[in-house]
Each structure stands twice: as C-alpha cells, then as structure tokens.
Amino acid sequence: MESSRYDEGLKKLLEMEGEAGSAVIEKMKLISPDFTRYLLEFVFGEIYARPGLDIKTKEAVTIAGMVTLGATLQLKVHVKAALNLGFTEQEIVEMMLQLAPIVGFVRAMDGLMAAQQVFDEKTKGELGTDKGQE
Amino acid sequence: MESSRYDEGLKKLLEMEGEAGSAVIEKMKLISPDFTRYLLEFVFGEIYARPGLDIKTKEAVTIAGMVTLGATLQLKVHVKAALNLGFTEQEIVEMMLQLAPIVGFVRAMDGLMAAQQVFDEKTKGELGTDKGQE
Amino acid sequence: MESSRYDEGLKKLLEMEGEAGSAVIEKMKLISPDFTRYLLEFVFGEIYARPGLDIKTKEAVTIAGMVTLGATLQLKVHVKAALNLGFTEQEIVEMMLQLAPIVGFVRAMDGLMAAQQVFDEKTKGELGTDKGQE
Amino acid sequence: MESSRYDEGLKKLLEMEGEAGSAVIEKMKLISPDFTRYLLEFVFGEIYARPGLDIKTKEAVTIAGMVTLGATLQLKVHVKAALNLGFTEQEIVEMMLQLAPIVGFVRAMDGLMAAQQVFDEKTKGELGTDKGQE
Amino acid sequence: MESSRYDEGLKKLLEMEGEAGSAVIEKMKLISPDFTRYLLEFVFGEIYARPGLDIKTKEAVTIAGMVTLGATLQLKVHVKAALNLGFTEQEIVEMMLQLAPIVGFVRAMDGLMAAQQVFDEKTKGELGTDKGQE
Amino acid sequence: MESSRYDEGLKKLLEMEGEAGSAVIEKMKLISPDFTRYLLEFVFGEIYARPGLDIKTKEAVTIAGMVTLGATLQLKVHVKAALNLGFTEQEIVEMMLQLAPIVGFVRAMDGLMAAQQVFDEKTKGELGTDKGQE
C-alpha cells in the first residue's frame, strides 16, 4: 500500500515537474532515500493528491510559501511545475506582484528573478529543440 | 487621479473584506492615515486591481504568504475575504494542508486555528442574525 | 497498515506530551481530522519513530526550530515533552541560551518566557496534586 | 571588570528604557539570571556602548530588526527607548512606513499597532500624572 | 501626475544608488516593467520621498530589514546607497554589530560579508579609476 | 580576563570546527576584528563553554536554528563541527528529517544538500590524504 502511494507520488511529481522534478529526486535519493520517499509518498502522494482544492491553486499556494521563505532553488522547480499546470508566465509574474506588498518587495524581487531564469531556460530549451528539428 | 485610486481601493477592500476590512481601515487611520492611504491606493487600488491573475488565486497567494510569516491577525481578515470571494471553508483548510509540508506543520497549525476562529465567528454571526430575525 | 501507523503515532505523542498533546489532538481534530491524522501518522508515527537519532536530540532539534520560528504555542507543548523525556528545566533554559547568539536574543527571550510558563504551570499542577492528596 | 560591564549595561538600559526596561530585567532574572546578565553585559554593556555609530541610529536599526521578525513584545520596549532617545512618535511611525515595502505591509502593520499601544500608554500615563498633580 | 512620481522616484534611486541602482532597474524592467514602475513610483517616489524622517535613518532601517531577512543581493545595493548618503564603512559595520545580538550572529555575519564585498568592489573601482587617470 | 575568555573561545572553536572554523575566523577578522572577538569571547568563550547542557545537544540545537533560518554557509561549518563532536553523518541527516515536518521540507532539503556537500568534501579530503600517503 505504501509502495502504491510512492508510485502515485512519483507519477504526480513527474506529471507536474517533468525533468526538473526527476533531477531533484535523483539528487535527493543519493543524500537521503528516506527524505525522498517522504517527499514522494507524503508531499506528492498524499498532500498534492488530495481532492478538495484544484491543483493550480495548490501550486500557487506552494509558490507563495517559497517566495516568502526566500527559497530560490525550490521555487524554480515549482515555477516550472506551474507552467506545466497551465499557468502562463504572466500569471506567475502576477503572483510575485501580488506578494510584493504583502511580504515585501525584497522577497518579490528574488521571486521574479528566479521565475525569469526559468522562463529563459525554457526559451533556450525550445530554441534548442527547434534547432534540433532543422 | 490619486483620489480615484483611493476610492477604487476602498471599494475593492469593502467588496472583499466587508466589515472586517472596514474595521481595520478605521483602526489604522487613527494610527497612520498615510499607511492606510497606501494600503487602499497601492495594495487594493493598484495591486489587487491588476487584471492579469484572477482574484481568487491572488487571495490564495496572499493567505499563503501570511501563513508562512505566521501573521495571525491579518490572516483572519484574509480568510474572511477568501470566503467572500467564494472559497469554501474546506478549500481554505486545504490551503493550510498544502502548506504543512512546504513551510512546516507549525505554521500550518497556526493557520488552521486562525481559520477556524473565523469560521466559528461567522457561524455565531449567522446564528445571531437568525435569532435577531425572529 | 495506515491505522497501525496512526496508533503508533498517537502512542508516541501521548508518551511524549501526555495531556497537553492529547488536548492539541482533540482541538485539531475538530478543525481538520486529516491534518490531525498526518500529525499522528507522519510526524509522530513516522518521523519521531525513526531509529537513527535518540529521541532527546530529536526533541532538542524540534524545540530549536520552534524557537527560531517564534512559535510560542507549539513550543510550550514541546517544552512539556522535553521535560517528560528527561530534560531538566535547566537544560531547556540552556537550549535557549545556546540559541541567543545564533538566532538572536529576541527569539531566545520569547523562548525563555514560554518555557517559564510551562515550568510554572507544572509547579502549580504539582502543588495542586499535593493539596489534593491531603 | 565584568561587574563594571554589567553595571554599565544596566545604566545604559535604564537610561534608554526606564521603567519598561527595568521590568523586563526583573522578569527575566527570575527565569534566567545568566540570560539577564548577558543582556546587560553583552547587549547593553558592550554592543550598545560601542562608540562608532550614534545611539539613535542603533535604536532605529534595532526597531527595524524587531519589526521584520514580528517580535511585538520587545518592539514595544524599544519604541519606548526610541522615544526616550529623542525620536518623535511621527518619526517612529515613519520607520514602519519605510519598512512597509521592504519587508511587507503585514509586518509594518503589526509594527504600527505595537507603536500605537506604546503611544497610548504614554498619553494615559501623562494624563494620570497630570491628574495626580491637581 | 503618475509619471512625475515615476521620474521623482528614478531621480531619488539614481541619487542614492547610482550605477548599481540603475543596473537593477534595467534588469527588472526586462522581467516586469510594472514591478519596476512600482519600485520607482511607490518605493522611491513615495516612501523614500516622505519628509518625516531623515534619509540616513531610512536607509539604516532598510539595511536592517534586509539583514534580518538574509537578503544579500538587495543588501549590497543598499550598502552602496548608504555609502553614497554619507555613512562611513565603519558605521555600516556597526549596524551589523548592533544587529548581531538582536537577530543573531548568523544574519549579522552574512550582512558583514555582503558589506565587505561592496567595500572591496568600491576600492577596486577607485584603484581602477586612479590607474585610468595616469 | 577578557583575553582569557578570547583564548578559551578560540580553543573551543578550533576543537569543534578545526580548519573550517579557523578559516572563518581569519576571514571575519579582516572584515571586523570586533565581531570576531565577540564570536570568540561571547559565542564560543561564554555560551558554548557553559556547563549545563552537553556539547552535542548544543550543536544539534545550533544546527536546527541554522536550518530554520536557511543559513547554508554557517550550517556547513557547524555540520563539520557536529562530525568532529562525534555525530555520525546519518545522525546529522536525521536532524534534517526531524525538522522536515516542523519547519518544512523546503528548509530541510536545503539543510540536507548543505550537509551532503560537507560529507563529500570530507570524503575527498580523506581520499586525498590517503593518496598523499602512498
């Protein structure tokens, strides 16, 4: 039963975060397999899998928590997840603007710079893919 | 032009937060009329009024920021606002559950207790109104 | 299997926190049965139950996290737990002194005042019990 | 030599914070005489006593740190100290306004409410004294 | 009228932060022109422009907020601004020493290292200029 | 007497942190000799030297404070200290797992990555030493 929750969590994470999430999981597994298991079983397999709130609002809430903590690394992974879930770049920028007066321009500015890095990498990736298709 | 932004902000705040927001404004005006003006003109008249993200996601983001800071007082006002905007009590509880692993069970528990106080006051208020109508 | 983890968590919590923990659980169940379940299943049944670090060090780490966040309410419950686990009052005071230069005298002072409230309630409780036994 | 630093710290604290500081010291002595000693010897006798920055700027910096942490209790003591050092009420309000965009309106609002409580108590105290003199 | 506030804010920012501020503005404009506009119009054009507190105390308060948040990037820009406003390097170091016991040696140490980086860059810049003049 | 406290602090720091601590001290001396003196005299010579709590629990508490603040740089120095004091790598990992639900998976993940960097450097160092001995 636990293993099904693990699998469900992994599926959810890959669905949301794609390669970026997969890279985090591989990295964290080497540091602490149990932390990684809790991340998949509990955070993704249990909490993200709950039905009572739509996944996009959950992701917005997650991003806001990370901006407030000033946690750039994890924020970048979740900005990617937000894009995968259908938020536009502009909507993600708007989240940071909304947070600017609430938790301060300092945290919002860091959030915007992290988001922009994700947007830039994505554009480069797409350009790269385009080139590859030529 | 400024005064129109002030009025727009006040309208937005009353629409979202009703009496609770109005009470905060009256209280803050006595402490600092300028802080109150910035709250109405800038936070509500400018930031909340931006069109690029739906108001419910903005409010979820605001609540998440406040839970992460552990800011109980303002959180309660925005839990009321979230209810006014159409979030159900259960959805607000789900926001706290979503934040539990991200920013910790400690902040999430404080968030849940603050939300429950709002739900209880609302129920009492409604019961009171019912009684008053008899 | 889940229910056994729930039971194990509840047993752990009662063992550590006694009545204070029990009261928190009853209160939180009314707000969110699922949050309470995660608290028991995951935090107490899984994380606290891990064998790789002695329970007293785990509790010291927990207290330090709560002092740093400035989370008075939960800190008081865990000061009680620390006493139950065999830490002396003086050792708990020393934790706050250790944190004073690390996270600041401000958070350490709040931590000391919260701890003292627990020590005082305990003394009153014991006096009360003594009286009751006469 | 240590005892002279303790005395110097106590003198500094009383000079800055008056009765409010004295009350904190008496309260903290009962909880941890050593914490209180460090507060007097190190924070007031050493850090506050340093000559390289004027005392008013030091106090402004202290208040800003406390507003950012959301530490209401200690903030109130230091708002009193700031008044004793010659800052006007309006200048203290301006510090909170300055912090509003930097660390967020949420923390600034809590700071303003804490400051106002100090201003109100002071006014009552003065009125009380006036009455007493009649 | 808004555009005059924007211009006033830009003038204030350039006056305070010089090239460093200008670089931030150019970078942020590419990410979010509106965030940049709020930074200029509201933070610099409105808040910094308020007359009730001298600009040096405002800057000290801003720096203290950033040290407490652990926001290195923005802190460096504001250490430059503090130097431009007439604070000496030693006075900025003293701000960090003052914050050490309040918000902890950890944040103060990060603050000192950020400040030192600014001092070093400034020295190199001046040496560079000297060389260029030969 | 002060100089003896300084020497005692330096001895304690070198004992706990070895070369890593020594490097921090040399670096900080160039930035602020007084900050470094307080670090040695007060934090190491006074607080760490207190007898009422065993040194390993003190270090666990210190690490927990730094994880909660998200202070990677200082955390790495104290992970080294924890290893020197006899904590195993696995026990340090367990501290982060214990903190995951308390202060959030975000801070715990950063803590785990910082700890792993220390473990990796240590392994490289040991391999290097082994090689050198051939």
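Letters A, B, C, D, E and F mark the chains as written, and numbering starts fresh at 1 in each.
In this text, contacts are C-beta pairs under 8 Å (C-beta built on N, C-alpha and C of every residue); 3 or more make two chains touch, one makes a residue touch a chain.
These figures come from a predicted structure and were not determined experimentally.
Enquirer: So which chains count as neighbours of both subunit D and subunit E?
Expert: A, B, C, F
Enquirer: Counting one step per pair of touching chains, how far is subunit F from subunit E at the shortest?
Expert: The least step count works out to 1.
Enquirer: Quick check on subunit A against subunit E: do more than half of the interface residue numbers occur in both copies, making it same, or fewer, making it different?
Expert: Under half of the interface numbering overlaps between copies: different.
Enquirer: Could you work out the angle of the rotation that brings the CA atoms of subunit C onto the matching CA atoms of subunit D, rounded to the nearest 5 degrees?
Expert: The two chains, subunit C and subunit D, differ by a rotation of 120 degrees.
Enquirer: I'd like to verify one number: the distance from the centre of subunit B to the centre of subunit E, where each centre is the average of its C-alpha atoms, in whole angstrom.
Expert: 32
Enquirer: Per the centroid of Cα atoms for each chain, what is the distance between subunit A and subunit D, given in Å?
Expert: That pair's centroid distance is 42 Å.
Enquirer: Give the residues of subunit F touching no fewer than two other chains, as numbers and ranges.
Expert: Within subunit F, the residues that touch at least two other chains are 34, 38, 42-43, 47, 50, 65-66, 69-70, 93, 97, 100-107.
Enquirer: If each protein chain is taken as a node and each touching pair as an edge, is the resulting graph a line, ring, star, complete or other?
Expert: complete
Enquirer: Residue numbers of subunit B touching subunit E in their complex, please.
Expert: 1-2, 34, 38, 42, 46-47, 50
Enquirer: Spell out the residues on subunit C that touch subunit F in their complex, using ranges where they run on.
Expert: Those residues of subunit C that touch subunit F are 42-43, 47-48, 50, 52-53, 56-58, 60-69, 90-91, 93-95, 97-103.
Enquirer: Contact residues on subunit A for subunit E in the complex?
Expert: 70, 93, 96-97, 100, 104-110, 112-113, 115-116
Enquirer: Please name which positions on subunit C make contact with subunit B in the complex.
Expert: 27-28, 30-32, 34-35, 38-39, 43, 65-66, 69-71, 73-74
Enquirer: So in the complex, the part of subunit D that touches subunit A is made up of which residues?
Expert: 100-107
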